[in-house]
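Each chain carries a letter (A, B, C and D) given by its place in the written order, and its residues are counted from 1.
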Amino acid sequence: MTIEITRTGKDSLFIDTPVMPAAGTFGYGDAYRNIVRVEKLGAVITNPVTYQPWHPANGTRVIPLDAGVLVHTGLPNPGISKVLSQYRTMWSRMPVPVIMHIVATTPDQVARCASRIEAEEVVTGIELGLNDDTGSQSAQDFVKAVLRNTQKPLMVRLPMQDAYELAEPVAQAGAGALVVTAPPRGTARDPYSGRLVPGRVYGPLIRPIALRMVGHLARRVDIPIIGAGGIHSPQDARDFIEAGARAVQIDSVTWIEPKMLEIIARDLGGLTVTRASDALADEWYLGMGESTLARRRESMRAEDD
Amino acid sequence: MTIEITRTGKDSLFIDTPVMPAAGTFGYGDAYRNIVRVEKLGAVITNPVTYQPWHPANGTRVIPLDAGVLVHTGLPNPGISKVLSQYRTMWSRMPVPVIMHIVATTPDQVARCASRIEAEEVVTGIELGLNDDTGSQSAQDFVKAVLRNTQKPLMVRLPMQDAYELAEPVAQAGAGALVVTAPPRGTARDPYSGRLVPGRVYGPLIRPIALRMVGHLARRVDIPIIGAGGIHSPQDARDFIEAGARAVQIDSVTWIEPKMLEIIARDLGGLTVTRASDALADEWYLGMGESTLARRRESMRAEDD
Amino acid sequence: MIAQLTDAMQQTQALIQRVRRINAHFQHVDLGIEEQLGDIKPGQSLLVRQTQDWQPYLREQWWPVRIAPNLVVVERPGHIKYEPGEFISVLGPVGSFFRFRRSLRHVLLIAYDTPPTPLLSMIPLLIANQTSLTLVLLGEAAAYQTDHLAGQVEVIHGGADLEWEHRIMTVGLADQVFAVARPDDEIRRFGDIWRMFAELRADIRKNYLFGVFQSIQPCGAGVCQACMIRLKQGTALTCVEGPTLDLSQVQL
Amino acid sequence: MIAQLTDAMQQTQALIQRVRRINAHFQHVDLGIEEQLGDIKPGQSLLVRQTQDWQPYLREQWWPVRIAPNLVVVERPGHIKYEPGEFISVLGPVGSFFRFRRSLRHVLLIAYDTPPTPLLSMIPLLIANQTSLTLVLLGEAAAYQTDHLAGQVEVIHGGADLEWEHRIMTVGLADQVFAVARPDDEIRRFGDIWRMFAELRADIRKNYLFGVFQSIQPCGAGVCQACMIRLKQGTALTCVEGPTLDLSQVQL
């Protein structure tokens, strides 16, 4: 299976499996090396990177919600130069394309990021993350700033708040694909400090809202859409494909059940694991078949009798 | 306590308690008469009404989600004439203002609804529900269509999808207050039919997104904002007030725990019930103090010993 | 159809007093109920929450199978664990009660691909009234074990094709028929039942063939409109006018 | 600070083998662990999920108090019910292990307004090494009952004001100090502890006073950045470089 996930042209991006991690959920590609077999994924999207280093936000970072979580980080990262020097070698060994997520800070900084990436063979493409409250004009400026400085394929991740408004302008400006959408911004009360904390909201309830956006926008824009938002199972991922997405990004479930990322990728890649007994050695995953613990439990039960 | 919830002027709307049910969660005002003491609420918002009768949607109506639910009804209602003739008498006995929610179908039909309501003494105000995908111009046309035909105060409920975009134009067109926001549209798979079902998403995870919108818009528009979206407890409601809302609407928790609507209203109305022993007779609610069942449980336990 | 308004629901609590396994698949749970819940009548149900948090979000609909003063016995799937002494949150009574004809000699109950639980609360009442009762289990309903039912109930196991032994006779005898069907495709299945009766009888009169609807009920109070059924004339909310609707009036 | 990269975490399961009440507030749970989880070392923790659904959403951080081959004993609040025979989902090991000085004669443990649980896994190791141990319980930590701790651990109850008997002597004796503080305001409380030590000692050298951080960890794998702590130079992720950080390097 080969899937073209950006608009057709000489710089189009092809992947083998229509599943990849969302920026911010998979680090720079090696954090889950003992859990997720990266070669089963379509691509790796890096954590968000800015031109300059960014420091972590102050105050409360995490507020548990019902079936979800609000996270507030301030998007800390050591800046693009440090990230490239630290991960270049590791990325050169990646079995799948590496797509760098860059944050739309200013068109100038974004342009510099793009030209830095243009020089890096190990990076296959760019994902540009637009901030909430970005207007159409400004979004187009960001896209053009990237495209003027690189030939690499460009995906643009739309903020949920303005996805409907930005989709067409961003496509017109030349983006190769749209990621619909980033986790929405929210505010929640920190039960300890008593303060209202801003952040991003993650969890399964985001999914129906994102799925509706994907279904809606897939009929309106003529570049590929990559669906994202609260996907927590293979069926969820297939729903996005059915609604019109060319591929999907998996977000916070990777934090909670990292193996789920690979399970979804195998499923949509046509490698569904259905039974323990038929599984190839490398297809075993948690909960499948025999284990020493299962035997230990049996002996516990035998002692009870 | 008296709170002005629409912009100051001769037709402003005053309420005693900054808490009311959201349209669609409280019927026409009497469904919960044995559970919720209406006089503790600030106002009653009716179920959404259209000029013509609307029929129910086909297909699946309800899809349970994690900590939430997707509901798809098609907004059935018997049309404004039937609603008025059926409920006029009951509303005349309501101890708090009745605000009719009318759906923005066409400016012409909305204008007719407004002039029908203008003639009804029992209805104190209008809440206009804008549909998703309404543009700014069209939203202003709807608002003006209402205002040309009534002197009654007008609240406008913004769709979540376009709340940021519509807030200012709607305020400029003369709306007395904004309700931020209606439950967002979403899509979810019906596990039985296998179909993707469109509808509205309800649940606690909406709250941080809505709360952020309220905090954001309260600093940008100069008419009162009524906060709504996934409020499930008195603390949630107070969060919206702290973020800048003049009052709040309580939505789907009323379906699940109808008494919570009154508990929130009492709390924000300054009538917090803290202990069973001090509660006035009418302040008793589920789980407070003595009950015949508690005694019955004691005797079950005594038998066990 | 004009709403048969029952008295509005209450929100209160119930006490799990006793739990008995009745067969491989089901258990009966005795619920002690508060006086304020009022008189629950056969046909009405309860909307129950056991958790303090919001998962699951919607209440479960619990069907009484026996009703006594201050006590309701409900039939629940056997794999769920209920602890005697546990309090649960209850909304109810939900819906309208069964309406029986004045002179009633024989009632036919049909369960089609679903357990007959929602029908069972009428059994004690009808037996006390000397009404004879036949329960037909069709399709997947055949797996329902009936040893716990009163001996007076004649039980017939039919096939998946709405066929059973002596069908013409049982249908001919019945003064009223009450059916439940698997809720994921209730309207279609009630349509199957309707057409089956229409083949057997020249005309199906009013107040004869009823469906007991198990639509998911987000509110149970007539406000959310999610349980609305299209009638030939107008609409009905299964949580208020239902769960039992005359199938001659429903748009099948 | 350059990341002390431990080997990356595994996702696997553990078996609850035994549950013992150790005092009024806590229980010890014996977890049988899969070989693939590898060697867990004192200082590391596990991220655990018991539910199949998404409520609660985040994993709980479980702190070992004793580590043996294929077995980890964790200390959990007493009011939660764990069933022997139950499987739980485990991510781990999380974080880096405690680093001790080569010649270590006395270690001081401080729990400030929080149970000392995250510190306890070093006790068996240090006792085996003939290191003497003092545990000071400050503020709300005084409610922690210590009867289950090894007799070799000297326990001192202090006040809410960071005072305790023979404080100057205990601090003077200690070669290394490890502290936990209530997580809702950890940085401020570690600041209190730092200032208290700064009053007692002319200068606080590196590798002497450590904080064991209990930040909420959405991922535990260094990817979500939510557990990031500002250092005087740069930053540290408590889930990778922590949970134990040298307080002389932390921006307090």
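A few remarks follow.
The rule is short, and it goes like this: a residue touches a chain if its C-beta (ideal position, glycine included) is under 8 Å from a C-beta of that chain, and two chains touch if they have at least 3 such contacts.
None of these values were measured; they are calculated from a predicted model.
Common neighbours of chain C and chain D, by the contact definition above: A, B. Relative to chain B, the chain whose mean Cα position lies farthest away is D. Rounded to whole angstrom units, the spacing between the C-alpha centres of chain B and chain C is 32. In terms of their C-alpha centroids, the spacing between chain A and chain C amounts to 47 Å. Looking at chain D, residues 53-55 sit in touch with two or more other chains.
In chain A, 65-68, 203-204 are the positions where the chain touches two or more neighbouring chains simultaneously. Viewed as a contact network, the protein chains are fully connected, with every chain touching every other. Contacts from chain C toward chain D in the complex involve residues 53-55.
Interface residues of chain B, counted against chain C in their complex, comprise 24-27, 30-35, 47, 55-56, 61-62, 64-69, 71-73, 75-76, 192-193, 203-204, 232, 252, 254-259, 286-287, 291-293, 296-297, 300-301. Of all residues in chain D, those touching chain A in their complex are 7-15, 17, 32-35, 49, 53-59, 84-85, 87, 89, 91, 184-185, 215-216, 218-228, 230, 235. By the touch criterion given at the top, residues 65-68, 70, 133, 161-162, 164-165, 184-189, 196, 198-199, 201, 203-209, 211-212, 215, 235, 239, 242-243 of chain A touch chain B in their complex. Chain contact summary for the complex, chain A toward chain C: residues 66-67.
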